[in-house]
Amino acid sequence: MLDLLNNFQLNSLMFLIPSLFMFCCGVYGFLTRRNMIAMLISLELMLNSVDMNFVVFNRFLCPGEMEGMFFTLFAIAIAAAETAVAIAIIINAYRIAKDIDVKDLTKMKF
Amino acid sequence: MEATLPLLILVLPLLMFLFLGLFGKYLSHKWSGIIGTLGMGVTMVIAYYTAYTYFFSGDFVDAAGNRLQYVVFDQQWLSLWGDLSINLGFLLDPISALMLVVVTTISFMVHLYSNGYMRDHHGVYETGFQRFYAFLSLFSFSMLGLVVATNIFQMYIFWELVGASSYLLIGFYYTKPSAVSASKKAFIVTRFADLGFLIGILVLSYCTETFNFMSMTSSSVGEGLYHVDVTSAEGVKTMIESRAGQMFLGGSIMTWALVLIFMGGMGKSAMMPLHIWLPDAMEGPTPVSALIHAATMVVAGVYLVARLFPLFMVNELAGGAALDIVTVVGALTAAYAAIVACTQVDIKRVLAFSTISQIAFMMVSLGVSRGDVGENLGYMASMFHLFTHAMFKALLFLGAGALIHAVSSNDYTAMHGLRKHMPITHITFLIGCLAIAGIIPFSGFFSKDEILASCFGNSMVAYVWMSLVAGLTAFYMFRLYYLIFWWKEHKVHEGHHAPKDQPWTMTLPLIILGVVAIFCGLVPFSEMVTWNGHPHHAHINWTVASVSLAVSIVAIGIATLMYRKENSLPAKMRSLFPRLWQGAHHRFYFDELYMFITHKIIFNSICKPIAWFDRHIIDGTMDAFAAITNKASYAIRGLQSGNAQSYVWVYLLGALVLGGGTVAIIFLFF
Amino acid sequence: MDYSQFLAMKQEIGLLVVFLLVFLYDLFAPRYAVAGSDKKAVKGISTITVVLFALYTVYGFFCTVGDAQLVFGGMYSTTPVVATIKNILNVGVLIVLIQSMQWNASEPQIMRRAEFYELMLITLFGMYLMISARHFLLFVIGLEAASLPLAAMVAFDKNKYESHEAAVKYILTALFSSAIFMLGLSFVYGLTGTLYFDKIAEASVEGSGMLIVAMAFVMAGIGFKLSLVPFHLWTADVYQGAPTSVTSYLSVISKGATAFAFMVVMVQVFGQFYSAAWEWMLYGLIILTITVGNLFAIRQRNMKRFLAFSSVSQAGYIMLGVIGANDMSLAAMMFYILVYIFSNLAAFGVIQSIENKTGLVGMDSYRGLSKTNPRLAFAMMLAMFSLAGIPPFAGFFSKFFIFTGALNVGTTAMYVLVLIALINTIVSLYYYLLVVKAMYISDEECEIATFKSKCSERLALVITVGGIILLGIVSVVYNSLLVLTENPV
Amino acid sequence: MESLLSIMIYVVVALSIMIFSVLAVTTRKILRSATFLLFALFGTAAVYFMLGYQFLGGVQIAVYAGGIVVLFVFSILLTSHPGDNSSKLESKKKALGLIGAIAMFVVCAWSLISRCSLIKTLPDLGEAELPTMSQIGNDLLSSGSNGYLLPFEAISVLLLACIIGGIVVARKK
Amino acid sequence: MLGGLALCRNIKQIRAVAVAGSLVLIGMSVYLLLEYLALPALTHEHPMHFYDSWVWFESLNIHLAVGVDGVSIAMILLTSIIVFAGSFASWSINQPKAFFLWLILLSTGVYGFFISVDLFTMFMFYEVALIPMYLLIGVWGSGNKNYSAMKLTLMLMGGSAFLMLGLIGIYYNGPVVDGAHTWDITQIVNNGGVEKGWQYFLFPITFVGFGVLGAMFPFHTWSPDGHASAPTAVSMLHAGVLMKLGGYGCFRVAMYLMPEAAQELSWIFLILTGISVVYGAFSACVQTDLKYINAYSSVSHCGLVLFAVLMLNQTAMTGAVMQMLSHGLMTALFFALIGMIYGRTHTRDIREMGGMMKIMPYLAVCYVIAGFASLGLPGLSGFVAEMTIFVGSFQQGMSEFMAGAGSLKLVFTIVACCSIVITAVYILRVVGKLLLGPVQDKHHLELTDATWWERLSTVTLIISVAAIGCFPNFFADLIRETFSGEIFKAVL
C-alpha cells in the first residue's frame, strides 16, 4: 500500500478524467434541467471543464509554452460574455413568458 | 407511249377528289355529280386508249410474240435501306391494262348510276352528295394507283389508300351506328391483314433486296420494257443466293414471305377467316358496294397474288407450299360463302357472300395454276374470271341497288314478284344471274369453265369441290332471283307508290353492263393475259364444260322448284337440316367468334388490364415515391419537437455518432 | 510589438471604422421624438449606415489586389481569395441593410435601430475574423463574436413572443455547441500541442481515434452555424421567430461566412491527415443535410420556416464545394454562396416587404399574390427558381458548377453523392414550386391587398433580381472567381 | 516520490470537483445549484494553482466565482421565488440525459485513454519556466508568434458587442 | 448567324407580335433550310454546318457553341410550325401577355436545345424549355392541373437530374483537347469520344434522362396527366416538340458520344421502348378522355422514335427523325383539335359526345385527317415515318438474325409493327364515337364550327403533314446525312 503510494505520480489522465466527468455532468444537467438558469449553470461546468483540459494539456504535454493557458484565459472571458448575453435573453424571455422553464418555450415546432 | 397520258389516269381522279373535297360544298349537287361523272368518263376513255395501245399497237410484244411489261415511268419517292427505295411508277402489263379497263369502266358506271341513286324519290339529293363523289374519286385514284404499281411498296401504299377510301365510303351514312361500326370493322380487319402484308413485304424485300416487281420477276429487254422470266430475274437470283430457303417454323423464309403477303390479299379479298368485314360493308351505299366490294377493291387480293405469281411459281418449284395454301383457303372460302349465301335474307348480303365465293374461285384458280396445266391456265382463268365477274357482279349490285332504291329495303321479303313493276331491272338482273351461274353463252360460263378446267388438270378433288360450289352458286343466285322477282305478287302498301324502274342514270348502266355481261366472255383472253406474256390458245374443254353446265342447270332447276312460286318446300328443307341452316344463317358464327376475341380477350383481357396496370402500378409507383417522401417527412417531424433540450440531445448524439461511429468503422474494418 | 501589422487587416479596419462612425453618430447625433411615444430616436441613422457601408463595400473591392499576408505570428492571414469572400459577404450585408431599413423605421424598432446596425457590423467583423483566422483562439473569438450579438439580434423584436423563444433556443444551443466545439479544440490541442493551423497540419499525428472524435466535435461546432443535419434543429425555430431582417442575415451571411471558415478549417487543418476520414464524415453529413432539410421543407406553411429548411438543404449543397476540395470546388462554392445570397435575399426581401405591410408570413396568405402584387410575386418566383436551380437563373449555374467541381474528384463515391444531391433537387423543386403554385396558380382571393412597396425595399429587390438574372449569364463573375482560386498565392 | 500532502490535495480537489459537479446538476434547489457550481469552480482554480498557473487561478476565482456566479445568483433571485423547488424530473428525461452524458463520457474517455502519449507524468519545471506575470503581460500584447495582441483586441470588440447586445435586450422599452 | 438570331428573338407579348414572331421564325427556319441545302455535305471532321462558338465560361471551357445538321434543321422547322399553329390555337386565351411570354420562353429553350453543340448550353436550354411548362399547365390548364403540372415537372426534372450527372460525367471522361476537357459534342467525338469503361455507366443514365422526356416506358406516366391538363397550345408544343427533345437528345448525346455502349446496351432500352410502343397503344384503346387517348398514343409513337434510334442503322434512325417530325405535327394537330372541341363542348369524354361531324364538320374532317396520319395512311406523314422505321429495323433485325446474332431486334420489330393495327383500333374507335354516329347531347347541336384562326392553325399543320407524306424523300435526304456511318459512329 505504501509502496503504491510511493510510486504514485500525478499523471495527466488523473486530471483529465475528473475534468471529463465534470463535462459530462454539465451535459447531463444541460439535458435534464428545466430551469434555464440551471441549464446555464450546467453549461458553465462544461466550459470550465474545457478550460481545465487546456491547462492540463499545456502543463503536461507542452510545458514551457503558454498557448493552452492563454486559451483558457480568453475562454474565461468568452464564457463571461456568453453568460451575460444568455442571462439577458433569458430574463427578457422571463418577462414575456413569466417563466423560465425551457419546456414552456416550445411554441414553434415541427 | 408518252408518259403524260397514262399519268392522267391517276391524276384526274386525284384532282377530282381534291376539287370536290375542298370546293364541293360551294358547288350545287347537280354540278358536282356531273363533274364527277365527266371526270371519270374522261379517265375511262384514256384508260381504254392506253389499254388498247398496249394490247394492240404491237409495240409491247417481243420477237417471240410475248407481251412485255412496260414501265411508263418510275420515280423515286423515298429511298430507304441501301438500294431499297420506294418508287412511284406506272407499269403497264397485261393484268394492269386489264384492271385499268375494269376499274375505270365500273367506276364510270357507278358514277353515272349514283347520280340517280343518291337522291330520294322526289329527286332531292342526299346530304354529303359532293362528299360521296369526292370519295368515289379518291377510291378510283387509289385503285388505279394500286393496279399500275411498279413495286410492291407502291402497291402497299395504294392498298392502304383503297382501304381508307373504302372506310370512308362504307361509313358514308355516318349517323347510322351500324354503318360506323361496319366501316370500322372493315378497316381494322383489313388492317390486320395488312400487317401480314407489311411483314411479308419486309421479309421479301430482305430476301430479294428489292421492292420492284420487275427486278423480282423480270429481266430487262429494252428501255422500260421487261420480260417476265423467273430464271434470269435479279430478285429471284438474290433470293436463292440469300438464305431464303432456310427453314423457319416449318416453312422456308420465302414461303413465309409469300404466305404473309397472301394474308394481306386474304384480308382485302375477304378470304376466310378474314372475310367478316365484307358482308357488313354492305352498310355503305349500294353503288359503293358495286364498285368497291364487288368489282374492284376486293379483287385486289387476287391481283396481288397474280402480280407476284412468278414468285409463287418459284416457290412452288422449290417445294414451297404457298400456292397450296392459296388453293386450300380459296376452296374453303368458296364453299363456305356459297353455303351461307343460300340462307341470307338481305339481298346485298347474298351478293356479298356470292362475291366472296367468286373471288375464292379466282384464288383457287391461281392456286391450282401450274406450269404443267396448259401453261398456267389457271392464271389466265383467274384473270378472266376477275374481268367477267367484275362486270356481272357490278351489274347485279347495281340492279340490287335499283331494287333497294325502289322499295327502300334490303330484304327480299319486302320485294317478291317485282318482275312486272321493274322490267329493265328484271331482265338485267336475270342476265347477271345467268352469267354467274355459268350458263352458256353468258360471260361467266367461259371464265368459270377455264377455272374448272384448270382444277381438273391439277387435282380431281379440287375439281369436284369447285364444281359443286359452282352448282351452289347457280342455286343461290336463282333462289335470290326468284325470291325477288317471283315467289308471290308484290303487295303495294297503301299510301306508297308502286315500285317502278328507276331514272335513266340508273338504268343505262344496267343495260350497258348487261350487254357487256353477255358478251365479254368472248374476248380472246388467253391470247392477251398470261402469266409470262406468252399467248396461248385456250379452247373450251367440253368435258368439263358440259359437266359444269349440267350441274348449273340442275341447280337452277332445284331453285325454280323451290322458289318460283310461294310454297312450303323451303321451310321443309329448313327443318330437315336445322343445324346446318342455323349455322349457315349465322354465317357459322364467325362474327361471334371475332367478337369474343376482340372484346373479351383483347379489349377486356389485354387493354383494360394494361390501362389499369399503367394507372395503378406504374403511375402508382411514381406517386408512391412522392407519398413515401411525404410520409418520411411526417415520420421525422418529431425531431423538431420545439424543445431546445431535445435539440441539444440530438446534436450531442449526432456529434458522438459522427465521431465514435467513424472511429468504430475505421478501426473495425481497416 | 509591431502595430504596423494591423495594416494588413484593411477590411477589418475599414469595417471597424464604419462601426465606430455609426456608434459615435448614435451617441452624439440629434434625436427626435417619435410620434406617439415619449422616446426619442436617432435621425437618419439608417441612411448613414447604408451609405457608409456602401462606400465601405466599394472600398473592399480595392483590397482584393495585393499579396497574401500572414501576420501576427501566423494568426491572421489575408489573400485575394479571402478578401473576395469578405467582399461577397459585404454585398450581402449591404442588401440586408437596405432591406432592413423599412423594418427599422417601424415604431418599436426605430429607437433601437442604431444598435441593430452596430450589432450587425460587429457580427460581420466576427465573421471576418473567422475567415481570416489561422489560430483557433482567434477563430473562437470570431465565432463567438459572430454568434453572440446575433442572439441579441434575434431577440430584437420585443413585442413578439416568438422572437424571444427563438433567442432562447438560439443562445442555449449555440452555447452548448460552442462548449462541444471547444472540447474538440482541447483535444486537438492535446494531440498536437498547438492551436496554429499550420502547425497543427504539420504535426504528425498518426492514426488516432481521438483526432477523429476531435474532428467530429469541431465539425459539430461549425456545423451548428451552418445548420448541417443533425446540428440544425435550432434553425427553423430561430428563423421563424427572429425578425425577418435577422433571419435573412442569419441565413445568408452567417451561413456563407461559416461555410468558408469550415472549408478553411477542414482543408487547412485536417486536410493533411485523415483526409479520408473527414471527407467520409462530411459525406454522411451532406447526404443527411440535403435529405432531411428537404423532407422538412416539404411540409412547411410558414414562409420563413420554409426558407429555413430550404437553407438547411442549401447548406448541404454548399458543402459539396468543401468535399470537392479543389480549386474548382472552391470557386464553385464561392459562386454558389454569392448566388445563394442573391436568391435567398430576394425571397426574404419579398417576405419582408409583405410582412412589414401586413404582418403575414404564411404560405397560404401568398395565394393569388400574382394578381394583387405581380411584381413581388415575380421576384419571389425568380428567387424560387434560382434556389431550385432552374436556368437561365443564376441558381442553375451555381448548382451545375458545384456539381462539376465535386465530380472533378472523379471517384464513384462522388458520383453517388452527386446523384443523391440531384435526386434531392427534385424534392426541393417540389416545394419551391409550391410557393410558385400558391402565388400563381391558386385561384383564391389574395389576403394581401395590392400595395406599393417602399423605395428601399424595391431597391433591394431590384438588386437581388438583377443578380439572379445576370450572375449566371454574365460569365465574368464565375470566371474571375476561378482565376482567383487557381492562382492562390 | 510525491509528498503525501500533494497526493491528498489532489484527491481532495479531484473528488470535490466531481462531487460538486454532480450536486450542481442534480440538486433541486436552484440557488444551491449555483453554490455547488461555485465550489466546483473553486476546485478548478485549485487545480490551476496545483499546476502552477497562479495567474489563471486568480482570474478563475475573480471572473467566474466573483463575476459569473454572482450574475447567476442575481438572476436566480430575479426569476424565482425563494423556496421554489424544481419539479421532479421525469424518468424518461433523466434516462435520456444519462444516456447522453454516459455516451459522451465513454467516447471521450476512450479517446483520451487510447492515446497513450497523452498519459504523462507531471514534468518538473523550474520556477523560471512557469509563466510569470511579466511574461504573460508581454505575450498578451505581443504581435509576433505566440503573441496574443490580436485576440486581445478582438475580444474587446466581442465584449463591447455583448455589452451592447445585453443592454439592448435587457433594457425595458 | 441565323441560329443565333433564333435565340435572340424579341419577347413581346401581344398576340399580334406573337404571331408575327412565329411567322418570322418560320421564315427564318425556311431560310436556314435553304441556306443549308446550298452547302456541301457534312463530313466526319465537320459534322455541323453554321458551326460557331463563343467562349462563355472560359475556365470550365464552356462555350456557347451552335451548329446545325439536317436533323436539327428539321426539328427547328417543326418547332416553328408548331409555334405558329400554337399561337393561333391559343388566340383567345386569357392573360395572353404572360401566356405568350412563357410560351416563347419555352420555344426559346427548344430552339436553343436544337442548335446547341455544347453540352452545357444544350442542357441549359433543355431545362429552360421544361420549366415554363409548370406555369403554363398550372395557370392555364384545366382539370386536375395542380397535380398534373407538378407531376410532369418533377418527373421531367428527375430525368434531367440524371442527365446532369451524365453530362458532367461525359465532360470529365471525354477527351482532353488543348489541355482541357471539353463540352463540345463535335470535339468530343473527333478526339476519341468518351472513355469506354465510363460509357457503360454514363450511357444508361443519359439515355434514361432523355428517355423520360421521350416518354419511355416506365417513365411515361407524366404524359397522360400532363397532356390532359395542359392548355391547347401547350399540349401541342409539349407533345409536338418537347417530347422530341428526348429523342433528339438520346441520339445526339447518348448514342453519338458513346457509340460503344450504345451498341452493347441498346438491347435493354430496345425492350423498354418496344414495350412502350405496344403498351401505349393498348392503353389508348380503353381510355375515354380524348387527351388521354392522345397522350398514350404519343407514348406509343414516341416509343417508336426511341425504338428506331436504338436500331442503330441509318434507315431506322432517319425514320426516327421522320417520326419525330410526323408525330410532332400530327399530335399537335390532334391536341389543337381536341382543344377546340373541348372549348366548345366542355367535355373530353368520348362517351358524352357523338356526331360531331354533323355539328362541326370542319373540325371533324381535320380530326379524321389527323387520325389517318396517326394510323399511318399513305400520303400523310405517319406512313413514311413508320415505314422507314420498319424497313430499317427489319433489315437490321433480319441481318442480325441471319448472322446468328440473336433475334431480339427482329422480334421487337414485328411487335412494333403490330402497333399499326392497334393504332387503327383506337383511332377509329375515337373517330367512330366522337365524330360519327348520332349526336349524343342535344345541346351540342348549337355549337359552331371553327373560327378563322382555328382554321389557319389546323390548315398549317395539315399542309405540313401532307407535305411530308407526299414528298418524303426531301426530308429523308436532309436527315439521312447525319446518320451515315462516317459521322455517326454507332451506326454499323
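Going in written order, the chains are labelled A, B, C, D and E, and every chain counts its residues from 1.
Going forward, a residue touches a chain if its C-beta (ideal position, glycine included) is under 8 Å from a C-beta of that chain, and two chains touch if they have at least 3 such contacts.
These figures come from a predicted structure and were not determined experimentally.
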> Where the contacts of chain C and chain D overlap, which chains show up?
Replying inline: A, B
>> Between B-D and A-C, which chain pair shares more contacting C-beta pairs?
In response: A-C
>> Using CA atoms only, can you tell me which chain is the most central one in this structure?
In response: E
>> Using only Cα atoms to place each chain's centre, name the chain farthest from chain D.
In response: B
> In whole angstrom, what separates the CA-based centres of chain C and chain E?
Replying inline: 43
>> Distance between chain A and chain B based on Cα centroids, please, to the nearest Å.
In response: 97
> How many Å are there between the centre of chain B and the centre of chain C, using C-alpha atoms for each centre?
Replying inline: 77
> Rounded to the nearest whole Å, what is the centre-to-centre distance of chain A and chain E, using the mean of the C-alpha atoms as each centre?
Replying inline: 66
>> Please output the residue numbers of chain C that touch at least 2 other chains, ranges allowed.
In response: 137, 141, 144, 148-149, 151-152, 155, 167-169, 172, 176, 183, 187, 190, 209, 213-214, 236-237, 299, 430
> Can you list the chain A residues in contact with two or more other chains?
Replying inline: 23, 26-27, 30-32, 39-40, 57, 61, 65, 67, 70, 74, 78, 81-82, 85, 88-90, 92, 102, 105-110
> Which residue numbers or ranges of chain D touch two or more of the other chains?
Replying inline: 96-97, 100, 104, 107-108, 111-112, 118, 146, 148, 151, 155, 158, 162, 165-167, 169
> For each chain, which other chains does it touch, given as pairs?
Replying inline: A-B, A-C, A-D, B-C, B-D, B-E, C-D, C-E
>> Touching residues of chain D toward chain B in the complex: what are they?
In response: 96-97, 100, 103-104, 107, 111
> For chain D, which residues are in contact with chain C within the complex?
Replying inline: 107-108, 110-112, 114-115, 118, 141-151, 154-155, 157-158, 160-162, 164-169, 173
> Hey, which residues of chain B end up touching chain E in the complex?
Replying inline: 76-81, 84, 86, 153, 156-158, 160-161, 164, 167, 171, 174-175, 177, 180-181, 183-184, 187-188, 191-192, 194-195, 198-199, 202-203, 205-206, 243, 246, 603, 606-608, 610-611, 614, 618-619, 621-623, 626
> Touching chain B in the complex: which residues of chain C?
Replying inline: 168-169, 172-173, 176-177, 180, 209, 212-217, 219-220, 224, 229-231, 233-234, 236-237, 277, 280-281, 284-285, 292, 295-296, 298-299, 427, 430
> Which of the residues in chain E end up touching chain C in this complex?
Replying inline: 56-60, 62, 120, 123-125, 127-128, 131, 134-135, 138-139, 145-146, 149-150, 153-154, 157-158, 161-162, 164-165, 168-169, 171-172, 201
